[in-house]
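As structure tokens, here come the structures.
Two complexes are shown next, each including subunit A; its partner changes from subunit B in the first to subunit C in the second.
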Partner chain A sequence: MSTKINKFKIFFLSKIKTCILLKPFSFFLNILFLSSIISLLLVSLNWIFFKANWSVINSNLSLFAFGSYPPNEQWRPSLWLVVLTFIALITIYGPKKKWLRKNLVFVWIGTVPLGIFLLKGGFGLIPVMSQNWGGLTLTILITSCSILFSLPFGILLALGRRSSLFVIRKSCSFYIDILRSIPLIAVLFFGQLLIPLFLPYGLEIDRVWRAIIAFTLFVSAYIAEDIRGGLQSIPKTQLEAANSLGLNKYQITRFILIPQSLRVALPALTNQVIGLLQNTSLMSILGLMELIGIGRSILANPEFIGQYIEVYIWLAIVYWILCTLMAFLSKQLEKKMSTNKGY
Partner chain B sequence: MRLNRKFFLQIFFILILLILGWAILNNLIINLSRTGIGFNFYWLSKPAGFSLAEQPLRYSPSDTYAWALFIGWINSLKVIFSSLVFATFIGILIGFARLNKNSLIGLISAGYITVIRQTPLLLQLMFWYFVGFLNLRNNTFLNFKHLINFSIQGIDLFGIKFSSEFSALLFGLSIFSSAFIAEVIRGGILSVPFGQWEAFRSLGLSERKGFIKIIIPQALPAFIPGLTSQYLNLAKNSTLAIAVGYSDIYAINDTIINQTGRAIECFIILLSSFLILNLLITNIMGIINKLIIRSRK
Partner chain C sequence: MESVLIAKNITKSFSKGINALNNVSLNLEKGKVLVVMGPSGSGKSTLIRTINGLETFDDGELNVLGIKIDSNFDEKKIQKIRRRVGMVFQQFNLFPHLTILENITLAPINVQKRNKNEVKEFGMYLLAQMGIDSHAKKYPNQLSGGEQQRVAIVRALALKPELLLFDEPTSALDPERINEVLDAMRILANQGMSMIVVTHEIDFAKEVSDKVLFLDNGKVIEISSPEIFFSNASHERSRKFLNQLDKN
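Let's look at the complex of A and B:
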């Protein structure tokens, strides 16, 4: 008992020592930082509660969430967002049922067609043109669609880059290197301009889909590099073991290489997803009404002119929450996918 | 037998690529001939007709498109290399602060890194431009004996004027990249085995001297790959200049496409200019890497 108290004492004394007693310079620095943080906090709290005019956010909440989606149909995107939140919660807290836990990835994949169906309409729902999609819904839709398409494409590219066939290897690395050297905004802009030129006359793809194609082409090059890193981390003994078990090339790729490399690459892939979510904001320059596009159009409204700080801080908070949530989700996924759970 | 199969697989792949390329090219030719634009580079020598706000060299609207593109290229280089220096400086500072034993400083830098990394760069650039500089109106924010002067016209440093677009871009890019560079620095320092710290402490070196003489030289080679990729990202991110109206190479390409409709030629120009830029940055970093390795011998 007494040793416990002693340990406690020593711990606290050492804390106090490192904080205050031994280093007067550090102590002084701490006081300086603390006081400046507190004063900054007071100023910003004062601004948030008394000076800022939050009506620009309050009166436009539905715009921020759905863009100019018809008001009668807004239950559709909100239903999709609710489903997404629900699945995110399931992922975080861990599903009880075993089949759900095993097929969580497929549930996530399934949300994308569901979202497209709910937004687009058809099959009994009133069709809504993609010009009317906007806000948070559009941001999340572009992100999820691009990830869904670019993941398989990126895996193929990564496998192609390690292929033993000269032509495939060279063309895959050519594609990856070129796409990685151009800025995203250029890819998006030329995607909007050039995709119609490359398609046969008469066939048209609307803006949102052109953006998704451009994002897919761009992100898959980055994902390919991340997955290549994962592939390289797989020890050669795994391949030897698989060969000695008599698996063929397809089985080795499907059951040995891809799952392990995905697990290793998961943190890097999360960074790509977070980057993609942030980069969907570039579409506002090219005229799509996603979160920042909505913010820009609200700021252009004479009623809310000059209220930049409120709108920007609000948007920053929304993006920050989304990105942090994604990072958290991927940490949970990482835990679930980890092999060291005991046998 | 096996070689044969591989050979045919490659032939098959090439055929698919050729068919795909032919289909795309065919559509392109049909579409281009329909719009009547064609494909050539003669327009580069025609007068551009637009004016530029930012001109490091003499430029007038009657100059050629090629000259306008060159001005844009110089503007890009200017903003990239100046924000590269600032980003490295701030990044090193924050990276060291993150490792500091003082938990308050560590907390502040961790907060800085998450806030900067989890919000889009475009939003930050717009913030610096519309809130940071255009909000200053005409009254100056910081006027220190005419040495430094922040105003709506930008920064005036010792009589050298920087436009508000350039300054906003410089602020946004360097602060955004600094958060990523800080993580690179932290990772590099953590990659030095902990035994090295214990060793210099047991030799009686002071914390500061040991950090500078023992830890940093060993961490330097670990910084280089991360820094290179962050610098390349910075160069690519600098194209967001168009959001604040700074005329860099991408913004000028954009203007030219809107004027002439020559999307394909401009795409080729932009692609080659970024390939050159990437080569430039990777080569410079390669030279620095060599110097570091040589100095360790």
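Let's look at the complex of A and C:
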């Protein structure tokens, strides 16, 4: 034991010696960085614990979570968030039951209509207009709906880009190229302002759905490119094997191409989902009360005027938790997909 | 005797002037084994791949199991042929995202619309015959090359084919793994399966084949019985080739 400590001492001393005596410049740099990090930490901790006034967060927690959703009905979005968290935990820890493991994707897909139903009401629940949806619930709803719609749309675009039919091939690449060369905020403005003009008289889509449509149109172009990369990574011999077994084009696409390309594209797709979650904050500019929008409206309240830093730090933490959770989920999914398959 | 394959003057060129196949004609009777030999680039693979429509050809006529195709490449007829002709590749070409059993049952269930349970049972029976039924739930990358190739053979057999095509099935294997695949092929030949085999395995060809076809530069140099081909080949070119093989 004592020799161990001795060894450690010698090691430490020699380390210090080399640092101070032999490399004075690197020693200086080390001290400089260390001291600046420590002072930064001290300043921010001091601010967080003694100077900041967190009442702006505490008293508005339900606003951040549900927006102006009627208080009596707030159990509905809460229930949805709880269900989502529960399924996320199941996914991370690996479902024990075999049928659940096999159908986990469908469980995830099922959460989206469940969320819409719970938020919107009807069928025995009191209907709540989409103007009252907001906060974290709305952010997650827009993200999950957009992903659910843009994934199949993106796959179709990617397949269309490889189609042997000239018109389909060209129009798919045209669509992808156009959407990728327009900034997202322009697409969102298009969704809010122009979609109503294109619709026939009498038909109206509310703001939330217009946002979801705009996000879907935008993200699917990027997803299509990610899937295309996956498709290109499949060796030609796979197609030959599938052909020689007599599978037709549709069957080859469904059983061979899509599963293999999705697996390759998974990391890139995770990127898209995280990006999309963060980009939903742009909707605050267009008047939707999602997380950032709620933050802005709270800051506009004279009671909380000037407490920008608290609100934005709080929002940053919420976004950070959401994104980390998503990254973790996808890592888990990647692991599950690659176990024993040699990828 | 009924013919499973009649090829008449098959000609194909990849680029102008160079013939991959040059007037190839052959006739394979039911239950017989044809071994195709030749130096690399002689058109062996191209020939075997035209039979199930993986390659087109420019001229001539093919009659596979009574289905006639010509250079027009009728998609529907090709599909019909593929349902009745199995193929085994040099690189196995198993589907890496499916388990062994799923690899095997994919086509019978979806192409032939057979009953799921019946197909699974049949697949397990075939795997047991090859001695690899314990691997049914594994993925291809967990298996050795020889095992993967036997799975590929089972995958072709699961469609109950009337003709099996082998494109250098042992060329990608370790030397000590070659025999397990050749043994599987011997069993098939003894069971009366019609087979066309592209291979460099002389012993296998001597033992199993009913006819040997020697190709060079896309031309059929000779078709003869293995006894004659390996002891007293009629052409100078074939003898040269066999000498080369012997040296290796």
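One rule holds in what follows: the second predicted complex is superposed on the first by the 313 of 343 C-alpha atoms of A that agree within 3 Å, B and C clash if a C-alpha of one lies under 4 Å from a C-alpha of the other, contacts with A are read in each partner's own complex, and residues count from 1 in each chain.
Everything that follows uses one rule, which is that a residue touches a chain if its C-beta (ideal position, glycine included) is under 8 Å from a C-beta of that chain, and two chains touch if they have at least 3 such contacts.
Keep in mind the model is a prediction, meaning the values are calculated, not measured.
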{"item": "Combined model on subunit A: subunit C and subunit B, fit or clash", "value": "fit"}
{"item": "Partner chain in contact with A:Pro200 - subunit B first, subunit C second, else both or neither", "value": "first"}
{"item": "Partner chain in contact with A:Pro183 - subunit B first, subunit C second, else both or neither", "value": "first"}
{"item": "Vertex subunit A, arms to subunit B and subunit C (CA centres, degrees, nearest 10)", "value": "100"}
{"item": "Dominant contact partner of subunit A by residue count, subunit C or subunit B", "value": "B"}
{"item": "First, second, both or neither for A:Phe166, with subunit B first and subunit C second", "value": "first"}
{"item": "Partner chain(s) touched by A:Gln131 [first = subunit B, second = subunit C, both, neither]", "value": "neither"}
{"item": "Subunit B versus subunit C as contact partner of A:Tyr312, first or second or both or neither", "value": "first"}
{"item": "Subunit B versus subunit C as contact partner of A:Arg263, first or second or both or neither", "value": "second"}
{"item": "Touched partner set for A:Gln238, first subunit B, second subunit C, both or neither", "value": "second"}
{"item": "First (subunit B), second (subunit C), both or neither touched by A:Gln251", "value": "second"}
{"item": "Superposed arrangement (fit on chain A Cα atoms) - minimum subunit B/subunit C Cα distance in Å", "value": "7"}
{"item": "Intersection of subunit A interface sets (partners subunit B, subunit C)", "value": "none"}
{"item": "Footprint of subunit C on subunit A - complex, ascending", "value": "237-238, 240-248, 251, 255-256, 259-260, 263, 340-343"}
{"item": "Complex contacts: residues of subunit B adjacent to subunit A", "value": "6, 9-10, 13-14, 17, 24, 27-28, 30-32, 34, 101-102, 104-105, 108, 114-115, 117-123, 126-127, 130-131, 135, 232, 236-240, 242-243, 250, 253-254, 257, 263-264, 267, 270-271, 274-275, 278"}
{"item": "For the subunit C and subunit A complex, residues of the former touching the latter", "value": "52-54, 79, 82-83, 85-87, 89, 91, 93-97, 106-107, 110-112, 138-142, 155-156, 159"}
{"item": "Parts of subunit A lying in touch with subunit B, wherever the complex brings them together", "value": "18, 26, 29-30, 33-34, 37, 164-168, 171, 178, 181-186, 189-190, 193-194, 196-201, 274, 278-279, 281-282, 284-285, 292, 308-309, 312, 315-316, 319-320, 323-324, 327"}
